[in-house]
Amino acid sequence: MSSSEDNLVISSDPLHPANLIPELCRSFYHLGWVTGTGGGICIRVGDKAYIAPSGVQKERIKSEHIFVLPYPQPPPSPHTDRVFLRRPSLNLKESACTPLFWNSFDLRGAGSCIHTHSQHAVMATLLWTGPVFRISHQMIKGVRVAGTGTALSYLDTLELPIIENTPNEEDLKDGMAEAMIKYPNAAGVLVRRHGVYVWGLDWEKAKTQTECLDYLFEIGVKMKLAGLPTVMNDS
Amino acid sequence: MSSSEDNLVISSDPLHPANLIPELCRSFYHLGWVTGTGGGICIRVGDKAYIAPSGVQKERIKSEHIFVLPYPQPPPSPHTDRVFLRRPSLNLKESACTPLFWNSFDLRGAGSCIHTHSQHAVMATLLWTGPVFRISHQMIKGVRVAGTGTALSYLDTLELPIIENTPNEEDLKDGMAEAMIKYPNAAGVLVRRHGVYVWGLDWEKAKTQTECLDYLFEIGVKMKLAGLPTVMNDS
Amino acid sequence: MSSSEDNLVISSDPLHPANLIPELCRSFYHLGWVTGTGGGICIRVGDKAYIAPSGVQKERIKSEHIFVLPYPQPPPSPHTDRVFLRRPSLNLKESACTPLFWNSFDLRGAGSCIHTHSQHAVMATLLWTGPVFRISHQMIKGVRVAGTGTALSYLDTLELPIIENTPNEEDLKDGMAEAMIKYPNAAGVLVRRHGVYVWGLDWEKAKTQTECLDYLFEIGVKMKLAGLPTVMNDS
Amino acid sequence: MSSSEDNLVISSDPLHPANLIPELCRSFYHLGWVTGTGGGICIRVGDKAYIAPSGVQKERIKSEHIFVLPYPQPPPSPHTDRVFLRRPSLNLKESACTPLFWNSFDLRGAGSCIHTHSQHAVMATLLWTGPVFRISHQMIKGVRVAGTGTALSYLDTLELPIIENTPNEEDLKDGMAEAMIKYPNAAGVLVRRHGVYVWGLDWEKAKTQTECLDYLFEIGVKMKLAGLPTVMNDS
């Protein structure tokens, strides 16, 4: 790598997004969140968004595979669909999650967004057959209102909208945006039979909130299967 | 790090508490005990207590993030809530578990206390709906009476009190202390829908007892869900 | 190692098959796919097929343990059963999976084939009692038609034939070939009470498809046990 | 370490028992076989038996912690209970499993014996309420008749005796020996509500057979809980 574009992903700082994304993807792989090339992550620092490529083994991504896009994007022209500051020289495809990551930036001011195919998330969308996943009286304090606000309390009921899946990931954009507007306090959006999108003000908060929500999907599924109620009625 | 306070957490000995806590937290993370910034650990050596900070990614803690407090604490004054020998220079919060760790020192003479959000512990508190978790005729020999005494026998029944959760971790202090007094032989205290506190004379015993208890929560939950009795009536 | 045969498995390139196979086997071991010496992998590059030995600890394989065979094999003679370009000098047995790996090369033009004993695969063959494993409306986009063609769509129904096991692995060859011909779109073949064979155009695609299918076996088994339908009737 | 006794556990060969035992114990810890100081392993090479100490964190054992005993033991005298070639200088206790490991040497000519507290083994002893664990038509080919003989066939029924637990591990010696004599083909002995002992001609075979049996306990438990028969009646 030698061009000025490549300098965008060369850094000796382990916390630089181009170094963090490979490390986090390896960790997500071992959590079962991104097996079989699924899932993805985007980290935005100011006006630059760093994104893992699509359709690759997530545990083997390298810094030089990272796409960099300007945020916000320039207005669309008849010639270009999306504008990049850097594309990897290899034959890599941009992430199909890009428009969905953009939702989190546009509608919540997020600085990072994570997409997993966690089986806990998928099972939650199968056992909660309606449009919302709900759980209360669990360790939900690690989740923030709207993903970017104040921390939830143990006494709150966590609500996450569940949208229906589409064959093409990009087509989820509008459904996800509608759900985010309809549930302004939700810290993420579940996609039925598919996975979850979670965001935060920065990568650390996006990651820890994804962990918290995945923990809640897992315990919620266990409770449902054991016949235990997942929401306590305080009234 | 250069001040004399920082010297409290600088050591080339891998068994120094400031080195052990990061290593143990990484291990606990991979066991699913401290995901999403939850859980915590305190190691006390004589009159110094070393504590991991609150609200951070537990698998990424470094020695320089460790708080050091004097034990016992000086009497409270109108100006100070808690006294520290060292606070990390970063913008880190002290652990909300601190008053609960103190219970284990004050009431049991413990040298280390561990708090997990293990789902096995949480499921145990959901399936044992009363105030006590009970199991017998399992490998409970690794657990000590009161957490600090002689080893239990295979023929003993292990009993752990379950206290109700509160929105603020600090508010668990009195409930935990009451449970420890009411159940003087208990090696830990479960918190309903939240997790468990376990202690031992030193970090090794606290850790191995936490492993033993987590093993018992896990097998107990499996037995309950399979319809098997978890306590055998010997009489 | 010094002979010209040994040069076939000596390379400083981490992506050389003789280096990849040990690394992948370690990874498969930790996924629970090849415990107790079970399972296997073959990578073919052009006219050379590299195969892990049989009956050894898969997580401890070294490059020097790899067999190299010519593809296609010369016509059988009365004196030789199979022809090798390299046999390890140690007392190692060739993989009993060899004839089955060959099916994937001969019938699909595959470049790599993976065999696992994953419990998700075995449970799937126990809960799908007929000759086919079927699932729809899950994240099946990572699987390709016939294992080597275009990607499946979310709206497709994934079908994998299940053949009956035989005491000797070699005797599965004909049953596997028949199933591959009968189900020309299948990306793998399940073996009842045994495991699965999955292939792809190269090792990356074989591996990611094995991950995708294992994910589908796992979620499918969970759904069956929870009483959820695994195929949606769109008509 | 400098004495001639210590030379028994100093070697640069990674396959020396004093180096293998720490490595294998770390691996067993991550498999959940030896959590909370439980479980153990013995490797015998000719007339020397190397044993991990008791009551310690198995994932932190070092070569210098290993006990070395002569095999066979000299006849008991009024002054000594057991004879050692080397005892660690630290305050470590010999393994309570020693008499049980000896059973595998005396009655089967084994070269290594492994004891786990695996929850799959324990659950198997709870769901198979009689004196024998039985399973057939699974991948049992990795298990050898009597643990040291020829490989089982897919069509064989694997049988493992289950003995009742005792408060002191040493007191299992006679029950284990009786079971080994009564079931001369068994490759291991399950201990109800406790775990399993598995042996082999050397450490590799003991380890891979422990993996195979643990795999069979796990799948057997899953099948039982799903209402599936674990033995097929061929007659």
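Order of writing sets the labels: A, B, C and D. Residues in every chain begin at 1.
Please note the rule applied: contacts are C-beta pairs under 8 Å (C-beta built on N, C-alpha and C of every residue); 3 or more make two chains touch, one makes a residue touch a chain.
Keep in mind the model is a prediction, meaning the values are calculated, not measured.
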Query raised in the report: Which chains, if any, touch chain A and chain C both?
Result: none
Query - Maximum centroid distance from chain A, chain identifier (CA atoms) - result: D
**Report entry** Rigid-body rotation angle, chain D and chain C, from Cα fit (steps of 5°)
**Finding:** 90
Requested in this report: Using mean C-alpha positions as chain centres, tell me how far chain A is from chain B in Å, no decimals.
Outcome: 32
Query raised in the report: Once you find the CA centre of chain A and the CA centre of chain D, what distance in Å lies between them?
Result: 45
**Report entry** Shared-contact residues (touching 2 or more other chains) in chain A
**Finding:** none
Report task. Draw the chains as points, connect those that touch, then say whether the picture is a line, ring, star, complete or other. Result -> ring
Query raised in the report: Can you name every pair of chains that touch?
Result: A-B, A-C, B-D, C-D
Report task. Show which residues of chain A lie in contact with chain C when the two form their complex. Result -> 35-38, 57, 117, 119, 122-123, 126-127, 165-167, 193-195, 225
Requested in this report: Give every residue of chain B touching chain D within the complex, in rising order.
Outcome: 137-139, 142, 153-155, 204, 207-209, 211-212, 214-215, 218-219, 222-223, 226, 228
